[in-house]
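Consider the two complexes below, in which chain A is the common component and chain B and chain C are the respective partners.
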Partner chain A sequence: MIRLAKEYFADQRDDDLKQLGQAFHRSDVPGHVTGKTNYFADRSFPGMLHLKMVRSPHHHARIRSIDTSEAEKHPGVARVLTHKDVPHNVYTILILIQIGPEDEQVLAADKVRWKGEAVVAVLADSERAAQEAAAKVKVDYEVLPAVLDMEAALKPGAPIVNEYHGQNYYRYDSGACRKVRFGDVEKGFAEADHILEQTYRSSPIEQAPAETTGCIVVPEGNDRFTCYTNTQALFFSLDNTSIILQMPGHKLRFVGGTVGGGFGGKVDVTTEPIAILASKLTGRPVSFIYSREEEMQVSSPRAAETIVIKDGVMNDGRIVARYVKGYTDAGAYSRHSPYGAQKGAAHYPGPYTIENVWADTYCVYTNRTPSSAMRGFGVTIADFALEVQMDKLARLIGMDPLEFRFINAYRDGDMKAHRQPTEGAALIECMQEASKAANWPVAEKYLRMSSYKGG
Partner chain B sequence: MAKKVPVQVTLNGEERAEFVESGATLLNALRGRFGDTSPKGGCHQGTCGACSVIIDGELKLSCLTLAEACDGAEIVTTAGLATNSAMHPLQRAFAEGFAAQCGFCTPGMIMAAKALLDQKPDPTREDVIEALSGNICRCTGYEPIIQAVLAAAAASPHKAA
Partner chain C sequence: MAIRRGRGVAAVNYPTGMNLGGDPSQALVHSTPTGNFMVTLSSVDLGQGLKQIMAQICAETIGVPAELVTIDTGDTDTGPHCMGTFASRGTHRIGNAVIQAATEARQVMLEVAAEELEVNASDLETDGTGNIHVKGAPQKAISIFDTALAAHFKRGRSISGRGMFLVPRSYPEVETGAMKPATCYAHACTVVEVDVDDETGEVTVVSVKNVFEIGRALNPRMVEQQLVGGSWMGLSHALYETTEPYYPNREHGGTDFNQYLMPGPGDLAETEIIVLERPAADGPYGAKGPGEMCANPQIPAVANAIFDAVGVRIDHLPITPERILRALRAQAAPAGA
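And then the complex of A and B:
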């Protein structure tokens, strides 16, 4: 049940928002319930080819040779693509905002760095022919030692996962990690009545949308291509495709919009460049749609994280120092993880005002499936760790966990550890409502608090 | 080239005949030759329910049904539920109850719900949960969907009959 709590912050607005609190029908719902909504795959074109990807069966291996001759002879096969066909084969998504180096291959050339990495693309008249031909591609691998967790990756002498980085972590302009330094944590720990250090770990999580990732490309006959895609990042995909295929953007028309569930899992650029290249080289429409198995095993999940939090707390409930080390498992390639790890650094004090904060966040490379966006990536797992830590701290000093949060809640005007002044805070008011809704009473003085300073 | 076989069906009340590839699934035949893209392919392996259709009155997964085995059958899909641009009570209830977010699971959900209401116009909540248990939704959450099916049952004209 949604209630519009207009009594809060009433002085901050003229109460003239007519739509708030009203129920409206979404414009796309009639299409959804009648089956008329057009998803990208609800199209077919005469002469359409189906693309199947030959993928690495190894976590880490050198490619000695690739033999596509048998696959090419398979009935129905129109074309087989390898790294040699890709104009700019090594890319990285965030190069668009100057976050390099380029570190990922569209089709693997000399090495594979994760189990599932794309090596050879097979195009045929039918899905079945493409699948049968893909099984005839012979790749000779020399298996290399793999690094399968962050601890192993950061050990001295660990095998290097990704040579484009040179070490198994992303090097920020600030060094091996993103850093937040605020106040004097050592002084804070020295003054604290108690110190609590805990480690939190999470596994990768697959977004598992109902509709799998994919696109359909149609050559328009004038060296221009229309790409119907379910990407969640249309312009990222268009611009990266333009770089990978060395084609000016005006030759590429991307049609998106309706996505059958994404949850962050469809922000990478995994199907469009290769499908457009295939269409360009064959002159035919091309469909590249992940199977359910690919969606679960190959599409990028939420990163695994390890988070170490050490807090100094006073008997009266104030947290006086927080020290955090956060590790994000990017898998074999950067994708969006350097950004995700960086977000964590700014986030770690949580919605609490702590005078002394030290946070280091690392983006670590392993031979696992590249991870990427998922619902609040960089902060969701951080919040899990922080809030479990808050409960443990409250228990440590024998305080009610909700009252403990009132004492530490940030308020308007408080300086956050990453030097952003707090504005528009509403944590206290939310907790006041939650206390009533959940029947979890707190002392009267907390119900009189406000996010306004001095309130 | 794969062998083509003729398949004649009644699709949403209309007599239709097409040549489909021998071995093609009903899902691919419907979405391809028959041009009805309302059944969705979420897994093509019988685990998500997005491809659900009603064949001769029974709920089936079209991704696990051979098209050629449906020769002579009567098939109903979500695309065939609305009559004269008026939505079916289930469609109205799904739309009004916010039971469709991305919409990808919706045609399958509506088929599973229709198969239930055709058999049992006045189902219990447990009946609804059981009937939808083969259909996965990753966005909406199941509660609004269950509520929509119950609301459609309550609003159904043949309920009194």
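And then the complex of A and C:
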């Protein structure tokens, strides 16, 4: 199924590697396929407690009161945790790279902002007891008007989703959006033979790993805690936990590294801090593992996005202006969405050389399940929008869609909209090979093109 | 009513590593007394095969067979810092850290071998099978096994190295967005053929031909595994997946693999992978990160193929049979009706 097309870029490679370039079998695969590989959950410790979360049934509500008394009396329950137990209850994970403000409560204190938000953690001897006790927690809610889509969120007078931000979008140092300005788009549109403006949308998507998110925490004799976890980023999770629990990093040891699929779904820090806190307060090992339902409906999905693209194109196939507004639905909290939205700004206008570009990317807050990282976020949906737009533009001017891309493809030395010169381009060669492999003929001049400077 | 065939294309690029940089990874390498090598990391293997590829990178750099290298990862008490496995960064960032650590370890190894052979270290080379010899004089040689023993028990040397890789963080200029998002980019072009049933709106993907440019295929078998899997995920994104099919009504959201729609084995098209290699200047042996990119071009290629087949544009993902049927009906309705 795979073929290495060595004829391309042969002048840029010495094919003299000994251990690399070899199709060795993976040393870990026999363990995976015979069930011998150890994952974090393949551990059990005497006296281990199971944590189940009481979650918000409302998109947006004020919490009037929380009554855990019945749950605490349930047989097998060891401890019930609320926001009052969490040392630094308001957090945001990207604070580690100075992307604030802290905007999310580990356990909801005054409000819930999405359906599924964690409110109370119940710890019991068995999963069943924890589940039964969780059902006995009484939370009195005053339901508030919810903002359920980005358009509504950005309307003047919309209810504020997240008071830590104060407005329903993330404020970058550049303002309400990350901006890219290159050339003069209005001039480009004025010169264009055709203008096409289209809107693209996507819905949230689940990472769907085989192994659900979770961790098992063991209190060690020396006042340290070992956290067996399937996080995608061990120190990132450890450092965030250290902040939330106000516990020095040397008290924490995170063990993992062998994970049953992530796809971005395991870079939020949602299970470790509360499980370690529970272990500290009870002195017992604690297991907190998402059910499949929690994995699919509670853990952060890929964001819903809306992308508006307006292009100016000439009859000869040149795109002379591209204007993009991209909106990322972060849901109620930031998590990784401010990062994803600005990654989109860096990506536009795609792998094409266009002299006039304007891009604005917004990270918008709604009362939706918080979105976060997923394979390619910031780019995947942008590419859907860009490449469908390219197809429409080609047809608009009566040109073959593949030839149209050759005309606009970037090459070494071309200045990108974010003002970096193109290096190491290879789009043209990929399209040349695709033309041959798919028997999609293009004019000979396109097969003679090159990504090299002046090619 | 008929099955109609269509074809669509898409071409994309993708940045390697965390957007705007600032994402470090470190590695430590040391030899055992008998010349095996340990690479200590805190990096996470999500199933993509990070451990195998780091073993091959370390082996290539030191000049030993890959099976002599063991990857010890996933413990913050012993492994040096790694920012994490995301953003197509593993091979590029961690691979570069391993190269630096392995280069330092190799230098000590050659110095010890030079003392044993009474020659200059700069005159030595490795044969890749476990021996060190004088350049141009293969008979003047010492095994890495004996070199490690000498280092440990005779010369008192630690054959070890420290490695770190960091792309400095770029801060976007506020008004213009001038910035350096990444140091290298992977590329792809995908052609998809579909059959669309214009009575049911059902789409069958007939074939997917993917061309990927990934810098360097460090292990072609693993490259294939990742790129094929990504291609399938792209089809799944295009045609099936969402957690909230009728949002804001949440009742229809899937809660398990029976309800959450994804393609089954019978829904996966014939998938072809062609790989081009234009080495990245700062890639480990030229490699870029195609892990995320490989799931992207199929999505628009499918959308474009559906238009080619039945003449309707579905600009809202996923492209479900319901959306196609509604669009076909709107297209067939007389103007003004």
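By our rule, the second predicted complex is superposed on the first by the 451 of 455 C-alpha atoms of A that agree within 3 Å, B and C clash if a C-alpha of one lies under 4 Å from a C-alpha of the other, contacts with A are read in each partner's own complex, and residues count from 1 in each chain.
Convention: a contact is a pair of C-beta atoms (placed from the backbone, for glycine too) under 8 Å apart; a residue touches a chain by one contact, two chains touch by 3 or more.
From a predicted model like this one, the values you see are computed outputs, not experimental measurements.
When the two structures are aligned on the shared chain, A:Thr212 is found in touch with chain B, with no touch to chain C. Contact with neither chain B nor chain C is seen for A:Arg448 once the two complexes are overlaid on the shared chain. Of the two partner chains, chain B is the only one touched by A:Ser126; chain C is not.
In the superposition on chain A, A:Tyr339 makes contact with chain C only, not with chain B.
Residue contacts after overlaying the shared chain place A:Glu423 against chain C, while chain B stays out of touching range.
Look at A:Gly35: by the touch rule set out above, it reaches chain B but stays clear of chain C.
When the two structures are aligned on the shared chain, A:Lys84 is found in touch with neither chain B nor chain C.
Judged by the touch definition given at the top, the superposed model places A:His25 against both chain B and chain C. The larger set of touched chain A residues comes from C, when the choice is between chain B and chain C. With the contact threshold set out at the top, residues 25-26, 28, 32, 208, 258-263, 292 of chain A are in contact with chain B in one structure and with chain C in the other.
Within the complex, the chain A residues that touch chain B are 25-26, 28-39, 41-42, 44, 76, 126, 128, 208-212, 258-263, 291-292. Chain A meets chain C in the complex at residues 1-6, 8-9, 12-13, 17-28, 32, 59, 97, 115, 148-149, 173-174, 178-182, 198-206, 208, 231-236, 238, 252-264, 266-267, 292-293, 296-297, 301, 304, 339, 342-343, 345-347, 350-351, 359, 368-369, 373, 375-376, 378-381, 383-388, 390-392, 401-402, 405, 409, 417-420, 423-427, 429-431, 433-434, 437-438, 440, 451. Contacts from chain C toward chain A in the complex involve residues 7-15, 19-20, 22, 41-47, 49, 51-52, 55-57, 59-60, 63-67, 73-77, 79, 81-86, 128, 169, 172, 174-182, 184-185, 187-191, 209, 211-213, 216-224, 227-228, 233, 237, 241-245, 247-248, 250, 253-257, 260, 262, 271-281, 285-286, 291-293, 295-297, 299-301, 303-304, 307, 313, 315-318. Listed in rising order, the residues of chain B touching chain A in the complex are 1-2, 21, 23, 31-32, 36-45, 47-48, 50, 77-79, 81-82, 87, 90-92, 94-96, 98, 100-107, 110, 136-139.
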